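See the structures that follow.
Shared between the two complexes below is subunit A, which pairs with subunit B and subunit C, respectively.
For the complex of A and B:
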């Protein structure tokens, strides 16, 4: 106990003595633990760095980096990036079982960037940016090129400041095949001010994080307002990590969880560089929580009012007598989950390797309210869509979208982009179908394992869903991070983005051993057919004496000894 | 007279001592290299080729442990085994059965992965001809005082190595790539280790100087895998790299083990195949080449004989800029 008291003031004293000038950057870290209805547990980490500087406006180069990582700062100023969102996800978020995530993300890698208006060659900047990011995050982002990049006109509005909505400065790409593993987590952890040494980031151990049903890590950079009146601008870097631990693989079927069971670590201190370091545990469904804390907080997030127990890691009392914090959570009985109001699925129908049909099904589970959704589909060029077969039906009646933005694909240059604004009737299922034909690729365009299939990126469904509970539009400095990610503009609705499953489509695949087979066959035919014909024409034939049988040969031998003429 | 002899003795002791220091310094700089690089490539895809990824990761682990930093290692893995859905223990790659040693570790950085591991990318990394927007972590930024370790593993045959089941690199291409590296002064000395079937055929055609090569099997022989693990379901390592890893685990940064010890790793009684090596293109005697010359990263220190008083800020700045100047000239 006394050790804890001595160590934390020492850390605060040393960090305070180094600050001679007022610090223009601050760092906050937060962990939200939400027990899910199915017995799994959802943990969401958010690390936010706010820096009162302008990468794009200041004439002199920014050279003193303290909490903000230098590698990202240099990327922002070199490529004139206004907003950058990159996420790496393993697994698929099951909305019907788990509810809505705080920060949605599609399987694989997703990158979308808003460039500044002053950029003249956006495509060139985009290409270089993807290469630089592939080096920073150890991912194959260099496979992002014009054949899988789109410019959505309405689905991806800036999440930070800025009123420019010219979508020529927006680029969006996904790599559904991208794998996420420790090599992506390592550089992500290195971007944090405390690394993986102190604070909440000590919990990020790859052996536990990747043994889960869902793992998603993301970096979001955007300009934000410092205060309500927006007198000054600041750059916000949010690093988020969402993970869902499975009841059966991580907890052996028992609905009791603890920090040690989830992460194989307990917490001993907050990050000394953080101004706030908190853990929020969702206790709305009354689970049994140990240790109990008097701090409670209520927040309306994703259209639902939830109660949270707050553990403040900057206070030494939180760690108790043993200098370590291990939260224990146990379910008490069953509870009802709030049914998610918006949900989407996608699948491929049809048979054979020539044609097929993409079906996207969107569910509106609100009992009496209808609301519009924006559906964005980006399909690679080798699935040639026939847009004249596009049908949108709700409750078995035609539902004409009020806004359609379609950009057809160009072979080997551009993918298809289809954006539609569809009004969903209450308590209904809307189905969007479109037929396609599979293209035959050139033999060098196939991947080394073409029989696995080709991936089509997730569809994105974005909507302002009517809320049952009034949302909080006030801007407060000490708002928890998970409720301030998406700016709330009005009380009656909240913004939701749902990603569907990616599709895996088989293209007609040639047999790659055929060139070898053809060479062998051709050479054999040439040798046997032409060769024998050539021999017949150009060679002279001589009659060869057949060899004598054995008795005659012996007789010839004796005759030779005797000196007598030989037999024929 | 005795006093004179005594004074002479006193003068000769420091002189003898400085001679000792100079011979030690001479030995220190005898290898002629100032930095170390490693290019570690696994060329096989699919879950049943788990052992090739484990091979490469075990060499990566040894090389990192002996001091080469991630910025000087180009690691190319053609498929992901650690987070593969078939892996019963995600984020781990084991080299010993019963899951004794996790060679994947907690801070691995893979530079080329998945479909990026192609013959073209490999040759571009070696020769330095990469597109201008390639990030630093994907480049081999070696100079003429670099010692480079190149390790290849996968499926191979007589004169070729298979990349990802769809293309091959021949021994002639590899020899030409090394010659290009020599012409462009991209290495001081190069150690080439290959663990595939008929591996010795890959170094038959080398013709550039300062190359030493080791292979796990001769032409006509197959390299065999070591042990399967029943929980994971596949073979975990190849025999040659398994014994190589055991040998390297004994090496530490100050170790004096030399190349002759490395040639003795995995004799035919343990490996079933006969490992081979080639040293005719190498200038120095293999017995004088330390293992840490290639696998470790020994930092060279320049000894200066001047003493400088560091209290005045002007002097400090001059000394530091002078010092940095010398560093860049190296």
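For the complex of A and C:
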């Protein structure tokens, strides 16, 4: 008991502010819990480390780390990275049932990096960077090479400071087949200053996190403004983890959850290194929440005004008498979910193993506003796109894209890149189709288990969606983390990125014992041909004397026994 | 009958023609198309390197100051004298030490310098007079009665490459030859202190030579030192297992600048160093310290220290940006409930520095903070770490790791403390000698084993890149050996480093692995459907032709008889 009182984070906070020289780095942690319309629970962790330092400044070598992880800092300065976004996702985010996620990510692994414009050999840096990152995150990022890397011209703009427009310094790659599991979570947790020992990160138990419908963990590094005036730069490291628990089916249809049920842990303290540590629970639909908190907060996120109960873990009274916080929430009513205004899906059509057709369907659910979207497609070279068959139709009428950027593939060197700016009419469905032919690979190019099929990464739809409510454009420090990731530039719209499903395409697959069979068959054919030829050349042909018929031979046999002269 | 003969002749010719086509066209074609590409390697030079005869040449300058030689002796002083010692280490490795001694009398300026009141000042002013090249040694012989050094001191080794040697007692009746030979013994001791001892060189050859005749101590020294490498990463980590009660501040940036950087600047010719630091929270040691009632403190016994490192190492993380070896230095501040914590050695005494090191890995120091605050201090307590104390320990450990051995001078020798640079010039020389020899040994072993491997497995593709690396390694090695022989220590180290780099690049080239998995028996199993039906008739008919020819020859002989 007494221990708990002594080590209250409140006292910790006062002593920290007393410190004479303020630390140049700070750490914040946050958990947002939102009950979903479908009965699932969406939990989103965000950990942010801010460091007032410039990695890329010449002469000043950064080598002394406090809260910022050393491994990532070394990577940033060695490869002159300006912005780095990496995500690992298991499962597919169902936009129509769950709404928009705070930070979207495609299934598998996604990596996009803006290099600083002083880098001369971007491809070399990119290759080395992917190898180093695959070591840091225990993932197969080393399979990223030129054949699955693209340089999108418009879809991936820097999210941090600076308006770089030269997409030569941008690299984007996805690995849709990447399977995310515990071995990726452990190094991700190791980057947190408190590890998994204190604060919100104690909830990150892999046996629960991976027993879920959707799991996505990401690292975003970018330069940001240090203060509102933006006089100096700071580096922001945002580690996010989004998970959707399917508690509705596992608890026999009861719509209730608790921290303990979800994570098999309760909270006892904030991370002592964190300047802010908060839990936000979405109570817009008036659920029954226990314990109650007087702190309420309203935020406009993704065009929707939501109300949150706030639990501040740095205050002792949050944990109550038991020194432990276990949130409990029950909700009944089938509330109306705000229909996502933008939604996209994709499938492959056609039959046989020669040709096919990719269909991408984009929905604009806004009742009366049209808005433009950027569609980006990166297709591997072994699906040879026939770009002349590209059609875009909305409401069964041809919809001519106002901007098309197409970079054709080179066999074994680079994938197709197709970017289009399409105007979506209000309340409409827009279909983009393109035909392709399947290439025949060399026998060493097939992946293990080639009959499973080949994955094609998600296409990316990015848009500024008109908002129903006014967005919050002023930038303040005490904004919750989940609403401050993508800067909002105007009140009337918000930025959304939607990833479609990855495709699974079958390629013509040979029988892999074929090379040996071919060698044997060829050798045999050659040998037979050679043998007859050789025989023809080296045999002497003579007229054979016909042998006696059978009855004469029998007669001769008898005659020999009798001692009579033989027949001729 | 004649027609039959003619037909037989035609068949014989056809068989011979087919055999000729198969042998002249078919076999070379098959050989050429299935051959693996193997670039040319300098095998003969590599086999020369396999038996390594190293010669180490040291330049020694002996300067007689006034009052050490009689005038007639001075006139007869020879200009130079070469002394060669040979050691055969094993069948393939030999060492030759060549001590080239030049004698001269002191100049007036040097006499002035030697008249300074203390040895340290004399050393400094001698250094101002002339700069000595890397690896050389200058011995100033001063009169027996000189007051420059205390009575019982025989020799004073300065911060640079000079040594003041008290002249041994001479009898005036001695000839110059006797004097010089008497001096030689002393000079040899000086050289083995300031340049290299035989044991150190043999220890540096440990990559080539089985260690049998090496003393346990120099063996331990060479095992402790991290292997020679073109670069090192030095990482300082502050482990704070209890951030709730301790808020630790360390001025690592300033401490590195003032304590570590001077040493590293001095060591720049040996390798590139990069230094970084991090703070790890909630990092704990792998063992639970035992509470000792008698001293009311927690203790770690020497036996349990080996279990400390592994759990911590998982948190340290490797350097993502380079593949150089990492030296870790950890400062561990025990949590409030396990303080104070002391390390005990094998004889159960507390270690005064409260630190220990692990060979080739780094060092760990325990820093107790429990006395810096009272029990009712509000948590977390702000604590500033005394970096002078910490860096003293880490610097000593770093010197050990880098192979700057503690020299054990012979009795009567005084070593001046290395001063702010943390390393005397002659200590650097010692390091350069042993590193050059070690690099040469490593590179020659790597290259010979690579050549042996490539020779044994004919399936390995040797591409031009590998061949080029091998030949550049061989040339660098040859230059390194030659430079050592000529006594140019700095160049020898430079070339030996290049040789190591090139030989490792060649050895670990990924292209060497590509075709390893097609053994000959499997290849021929695939070829059999082609080879068997083709070769059997040819061979059989050739045999038949030969036997017929023999028969005919025998018939002819019988006829002529």
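Simple rule for what comes next: the second predicted complex is superposed on the first by the 493 of 568 C-alpha atoms of A that agree within 3 Å, B and C clash if a C-alpha of one lies under 4 Å from a C-alpha of the other, contacts with A are read in each partner's own complex, and residues count from 1 in each chain.
Everything below uses one rule, namely that a contact is a pair of C-beta atoms (placed from the backbone, for glycine too) under 8 Å apart; a residue touches a chain by one contact, two chains touch by 3 or more.
Here the structure is a predicted model, which is why all the values come from computation and not from measurement.
Within the superposed three-chain model, A:132 lies in touch with subunit B and with subunit C [touch as defined at top].
Applying the stated contact rule after C-alpha superposition, one finds that A:512 touches subunit B and leaves subunit C untouched.
With both structures placed on the common chain, the touch criterion links A:179 to subunit B but leaves subunit C unconnected. Of the two partner chains placed by the overlay, only subunit B lies in contact with A:142; subunit C stays clear of it.
Ranked by how many residues of subunit A each touches, subunit B and subunit C are led by C.
Judged by the touch definition given at the top, the superposed model places A:410 against neither subunit B nor subunit C. In the superposition on chain A, A:193 contacts subunit C only, with no contact to subunit B.
Under the contact criterion defined above, the residues of subunit A that touch both subunit B in one complex and subunit C in the other are 132, 135-136.
Contact residues of subunit A toward subunit C in the complex are 6-7, 11-12, 15-16, 18-19, 63-67, 69-72, 74-75, 77-78, 132, 135-136, 190, 193-195, 197-198, 269, 272-273, 516, 519-520, 523-524, 526-528, 530-531, 534, 537-540.
Subunit C makes touch with subunit A in their complex at residues 4, 7-8, 11, 14-15, 18, 235, 243-245, 247, 252-253, 274-279, 281-282, 315, 317-322, 378-380, 382, 526-527, 529-530, 532-534, 537-538, 541. Of all residues in subunit B, only 45-46, 80, 82-83, 89-92, 104-111, 113-116, 131, 133-138, 164-166 touch subunit A in the complex they form. By the touch criterion given at the top, residues 90, 127-128, 131-132, 134-136, 138-140, 142-143, 177, 179-183, 186-187, 205-207, 209-211, 447-449, 512 of subunit A touch subunit B in their complex.
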